[in-house]
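Some structures to go through are shown next.
Each of the two complexes below includes chain A, the first together with chain B, the second together with chain C.
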Partner chain A sequence: MKWRRTTAPRVAAEPLDQSRIAWLMAVAACALVPHGSHLPGWLIAVAALLFTWRLAQWKLGWPGASGLVKLLVVIACCAGVSLTFGRLFGREPGVALLTLMLVLKLHELRSTRDGHTVVLLGYFMLLTAFLYSQTPAMAAALGVSMTVITAALIALTGPPAAPRALLRHAAWMMAQALPFMLVLFVLFPRVPGPLWGLPLDAYSGTSGLSDSMSPGSISQLSLSGAIAFRVRFEGDAPPARDLYWRGPVLSAFDGRTWRQGSSAQRIGDGVPHTVPGRPLGYEVTLEPHNRNWLFALETVTTLPAGVRVSDDWQLFGRDGVRTRRRDRFESVLGARPGIEEWSGHLDAARQLPRDGNPRARQLAQTLRADSPADTVEAGLRLFRREAFVYTLTPPLLGDDGIDAFLFDTRRGFCEHYAGAFVFLMRAAGLPARVVTGYQGGERNEVDDYVVVRQSDAHAWAEVWLKGEGWRRVDPTAAILPSRIERGLADLPAGEPVPFVARVDLGWLRSLRHQWEAANNAWNQWVLSYDQQKQRELLSRLGMSQPDWRLMTIWLASLCALFATALTLWAMRRSVSADALARAWSGVDRALRPAGLGREAWEGPLDYAARIGRLRPDLAPVLSQACRLYADARYGAVPPAAATRELKACARALRRQRTPPRP
Partner chain B sequence: MSDPRAVVDAASTLILGKRSRLELALTCLIAGGHLLIEDVPGTGKTTLAHVMARLLGLDFRRVQFTSDLLPADILGVSVFERETGAFRFHPGPVFTQVLLADEVNRATPRTQSALLEAMEEHQVSVEGETRPLPEPFFVIATQNPASQIGTYPLPESQLDRFMMRITMGYPDPAAERALLTGRDRRSLLADLAPVADAATLTAWRTRAEGIHVSDALIDYVQALIAYTRTGGAYRLGLSPRAGLALLAAARARALLDARNHVLPEDVQAVMPAVALHRLPMLEQPASHDDAARHLLQAVALPV
Partner chain C sequence: MREAIRRWLATLGGSPALPLTLDRRRIFVLPTGPGLAFGCALLAMLLTAINYTLSLGFALVFMLAGLGQVALLHAFRNLYALKLRETVPEPVFAGQHAGFPLWLDNDASRPRPALQLTMAGADPVTIDLEPKQSRAVLLHVPTTRRGWLSPARVTLNTRYPLGLIRAWSYAKPAQRCLVLPRPEIDRPPLPATAAGEAGLRPRGDGSEEFASLRDHRAADSPRHVAWKTSARTPDAPLLTKQFEGSDGGDLWLDLAQLPATLSLEQQLSRLTGWVIDADAAGLHYGLALPGTRIAPSSGPAHRARALRALALHGLPT
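And now, the complex of A and B:
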């Protein structure tokens, strides 16, 4: 058999002209800039270098990169990516390789086809930027980038045109797509859960409470102004001092670190005990913190589906919280659950290390009173009486940290007080445990959400009293009641107050509230627009029982409606008001505010003559404009050139319309 | 070919301060229409007709209309000649290029209609024989609106035959002073040399007919006509003939302005003269100017 080599018929490669190459470089720049904040430095340098080289080739006529150079760059960069990230797959290395491909493609622009590749890559790069950030600012920036890329696509396929005209065209196309986007966003049937999974490396770098507590862990967290979660109460929000958001409960102590104990391991689907009282409903929108526990007010009574609770009233989701999630809880404030606590848990809550902290143990013996309640009182009295200082920057403590804190330094943050208090209670024979979580929260007047930040992280104590249950005792409140009333803003003078907690900058605060409310609205209605929100919205729009069939019908009809409306409008526009007429009315609009508008019945030359008598300074431009219009509209002159010049005249008249001051 | 504006310039030396009227009169003649001048005696109506005829190098005849004027007095009559034994036609004053019909409303309707037929057909039928009139042929008629006693006002159907009706008005003080101190008009008229001739006038008319009229302008003319018919201000709207006359006059006016396309300004300039005498208003306006303003300002220019 004889092989005949055939070459595929080559598509006539249409070479790219200089203006289109400039557009494609703009595409690369627009697609890469949003990635600037997270790409590794060396890659940014390489990309910038390659880009500048291409720019110099375009502008100064430098020689282009040869095939060998490009090959070497590819090999070196792939090695670099693999070294930096340890692999070639995943989000980070993938975006890095895309960046490289896009910049290298700029050195390979031979035909229109290459141009299309760059445009496509540009769109794809924009999409990947959403894997890193989904803030409104990023969305706006990507909208601008998308306009530029679309303009480049028009430049690539259409006849040559001025950049401004192309950008306007692109923006106009995007504006026309907007109603379709909204309809699809609102009505497209939502599936629960994300459509695709993200690699694990997408979730690094989130902060929050951990499952253990040692001196310094919470005060570190308190310096962060990041938002932990947002809450919307059904009805009025309770005062801040009553808001104790329960997180990990720590009942095991090894002498230095508090950890979760056996009671946290026993997890059930319902609440361990019923709690009497009037429940308060609220909705918590939790920022991702990568752990599986959730936060709710003490003491929670009603759980949403998929949330479980441990014997020590700690809430857990199924998996780590990797995306923003929203849950509705009900809680009874000021309840004391657990009158009939299982003895195993109580025993665990009395456990102390065999030795260590002898002075504290001795002190605990002096606190023992007739009734357990009095013992608790005595413990709190101790903190109130002695000269304890509440500070974000406590000194370092060595071994026997509780002894050192109670008797030597007496300077500490909430974790010191909570830890020491629980230690004392246990040493005095009472079951007690440390509860970590958040305390308080700031109401945003703009959207009425209560915002809880990492700086609200807190630790307090719980003591079990026979016949009463678990009683919350907050030793920090004994030292510095205002910490509980008003948050960190009231730290003693000289303490470094976290920037976001400062109250003296009132304007900054209200600005921040506005900004956060806008962000929250974006989060609530755009990013977390899920099946439930969709149902909620659609039923509010009068669509009861929205199922996917009904939604599809609505979707199709609304899209058809928009398409018809846009078509009709476009047809009408071309008949009623052509470009020349619009440019002419632009002249009128320019002068009307100064009371120099054209009468409806006035001919163009008469108009120019009349205004020329009133305002001789406008006469040259206006009479030119009127002559242009008259010639184009009533003469046999083609109107295209006149339209352009007429627009320029309108701009000039707008500048001149206020009379020069004598 | 000379510029039509030269006619107006030359006429202005004799008829002082009436440039816009002279322009309208010339526009009417270039457009091939007949002119009706309406004003009180002594305002220069006759002089205007004389001057126009002379400057355009046209034959000029004048007939003073009276109530005993017969059609034959205008058209001509066949007289039996004994020498030849046959009837011979003696052409009347209508066989001229410019006929000034002074005080046209003083003649009986019978005589008026004889004239009007000649105006419309550019020919005369006498005793079964049709005789063409010279070309060009214009009638410039005058009438005095002030004294209506013993007159036969022209009916609307006949007013429609006149392309334009203009008024003269009193001269302004400066013009009046120049008139009072200057030479006698009649001797001035005798000294006036023609600026153009019949052929030139025909050429101008041909050129005017070739002037570009855009769709936008037709839109405007139609809007104006529609307003007179449906606007509610007039007892009777403009006829199609009036529409044609309006457009022809606007073209001539554009020619006078040395432009090769017609502007709404041209239409507006000739509109009162062309339209108002054909538009019986429901409420009599205070003046011609008021009526003109009302008509023009009621219709917006289509963009």
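And now, the complex of A and C:
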């Protein structure tokens, strides 16, 4: 049993010093504050209450929470969590329970081990904060939090010290850890996708186009300045008026709402028809919108692996887009696909409800012309000729919405125009469908990305013409051509233009471009740093064929390099003291050959006295050297100056050591 | 299993003799319990980051991993180039705690906080060293038997700064501590001299027989200094009064005189008590042990000699 005592005693046995409780409270505060914005209100209240109670116990000497109280709190909160979220597992309930554990642990600080538990929970809470926000500001805030938690860890282990000194120490250690972090971040092989099924609530609150369109759905979206996706063109970006980003195609109409039809369900692996023309390559970085469709320019001809296309040229990924994703597409602009369209799809594109909107049906009969192309033209002429107003705040429409819009209100947004136009074409006997997506995009001069926002959401029509295929018709362009040329900024005066779409504030706009370019760089290189980006970067750094083996070798080598550098730093001695010792032993080396070396037990002054008796000729220099050394070592003389003089003395002694011949 | 690993680790470090400067090969590092928990938490965090594709989560995990690496080097650095030396421990009576003094010299211009010294049987001692500071640490080990007590191997530990990594080193002090026999507590009074007088003679009763003067020795009791004679010749060394060394006059503490019913240890224990009493009373006493005779004298050096003889009686040297 003897050996057991030689090892260090267990940490758990060490009682927790009361002075460290302040640090653990700070850990809890740092870990909980970033979660304030998304935890349920009642939980925030419970956490704040428990925290304040602990604070009062520490500062005012209140009684602590008893075991029964803690048990009741746990039971009540677990019930609350399962009531709020409907379950106890998953992302949101998990964060809620972690919060609860952390504040309750504050009431159970007895040993150093409890302190370590609080610190580890704190680190974990920082990670979960990134589930909700990964902005640069959040990263900076959590960097500060991490410094505080690390300082708490030092406080748990080390002697009591001023908070400022501990924070500085923690920051210094983190600065030393930074190279490891960068190497690991760049070279750690990235695994795509989730490892296990994500809980359903993993991605909520994302906005974007939906799979149906009723009056008001797109105009609502248009008020949002949020970025839908960013595009980098290989070569020059085409003008904004040609940029139609195709999204959900709606071919089924029930009298009020447009929905996806049968053609959207037939999904193949390749493009359904060949499209003539010169393809344009570009890369789309899509923000998560939690649906599985992707956006590309009409008409797409080359797809990346894993992207499939339906018969009506909608693009689909395998799962909902839950994280930012990047795809490279090629498209031929202005192409008219589907010359040989399957008759089933054409029939579906002529379907109308049996009744409703009688006036529109009547109107459609008057539009019928000799050729289908003339019918389309007549329809467009109608919108151009009559006094239609393009507005973001259209009046509400009743049951026969198309009739009301065409004949009574005549005020509407793109979804009204596209819907009414397709209705008219179908009533006139032509296959037609509504296409939703985004139109246009704004080029950011700073980083040359084209940014497409939710405010660019748009709806247009497609009419199938025999011998020509699907022709894109944008009735909105007929009402307000500038909408297509320049976006929403040219809406008539008095319209609530989304703030980001205003053009009149030039400096603000350029500031915004700078900001968004920085954000995009952050997104592209930090947040979306995935397998593909990793390969790209490593190839650019000259690593041919970067695979995980090569990456691991590099990773290990670079980490070893940094570890070695740090080890050398750790083993660096105090140079000045060392130099002094060397100079001092130089004196000894100078005299040793003459049998006048210093004994191991001799102090410098004793040594000088002894040699002075033996060799009075050496006494002046040697006693000076010995006094120098003694003063530098034990006194206030700076070692650097003494070192120089000691060396001079050693040289002098070397010359004098052979006794002068009598 | 754990025991086997620990025993193996214990042999691994060797027992380097003092004085010692801790170098690269003498310092060992391993994660502590909290360090292992930290590693497990990192793994869980890494899985979370992968699963939710949290780029900043990766950054956080990698930062913490780097921090662990840095903590290792800082713990190592806390011991690196530290100097250890020892001094001779003070003798103690059995039953008391022997204090092995160990000196830690910090030549570096940085502090070395939270250094913990442990020795088998001793309570661990934790100290903080300031820059360029030397401090002595007493490692207190309980004693039970008289004789020489050899110090066990000393482990110098530090978990500083993060408590996740333990760096440690071993040293083997060589200076033994002399453990004196435990003085008998309810011991009989000092024995009478052979002449039948009471051993405890009242001071200055004139019955001692002054014999001669000799040079003063450091061990002599100040009461026996011939102050008057010395005062007359201030340049001459002090003189000590020699008393007639007859058996009747001096106190002999003789093991053979003790009742045979007592065990040897009990006898030594009683003699130890008497030596203390005699010294406290300022008596002139001699010690007779089988094979050892210490001529009657007095003073701290004499006392130490007598106690040492008692402590080591019958023990292999």
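In this text, the second predicted complex is superposed on the first by the 550 of 662 C-alpha atoms of A that agree within 3 Å, B and C clash if a C-alpha of one lies under 4 Å from a C-alpha of the other, contacts with A are read in each partner's own complex, and residues count from 1 in each chain.
Basically, a contact is a pair of C-beta atoms (placed from the backbone, for glycine too) under 8 Å apart; a residue touches a chain by one contact, two chains touch by 3 or more.
Note that this is a predicted model, so its numbers are computed, not measured.
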| item | value |
| --- | --- |
| First (chain B), second (chain C), both or neither touched by A:L142 | second |
| Contacts of A:L60 with chain B and chain C, given as first, second, both or neither | neither |
| Contacts of A:L83 with chain B and chain C, given as first, second, both or neither | neither |
| First, second, both or neither for A:T567, with chain B first and chain C second | second |
| Contacts of A:A177 with chain B and chain C, given as first, second, both or neither | second |
| Touching partner for A:W601 - first (chain B), second (chain C), both, neither | first |
| Which of chain B and chain C A:W584 touches, first, second, both or neither | first |
| Dominant contact partner of chain A by residue count, chain C or chain B | C |
| Touched partner set for A:A630, first chain B, second chain C, both or neither | first |
| Residues on chain A lying within both footprints (that of chain B and that of chain C) | 577 |
| Touching residues (chain side chain A, partner chain C) in the complex | 2-12, 91, 112-113, 116, 120, 123-124, 126-128, 130-131, 134, 138-139, 142, 146, 150, 153-154, 156-159, 169, 173-174, 176-181, 184-185, 188, 191, 193-196, 198, 202, 323, 526-530, 559, 563, 566-567, 569-571, 573-574, 577 |
| Of chain B, residues touching chain A in the complex | 212, 214, 216-217, 260-265, 268, 296-301, 303 |
| In the complex with chain B, residue positions of chain A that touch it | 577, 581, 584-585, 599-606, 630-631, 633-636 |
| Touching residues (chain side chain C, partner chain A) in the complex | 3, 6-7, 10, 24, 32-34, 37-38, 41, 44-45, 47-67, 69-71, 73-74, 76-77, 80-81, 107-109, 113-114, 116, 118-121, 124, 128, 152-153, 155, 157, 159-164, 166, 168 |
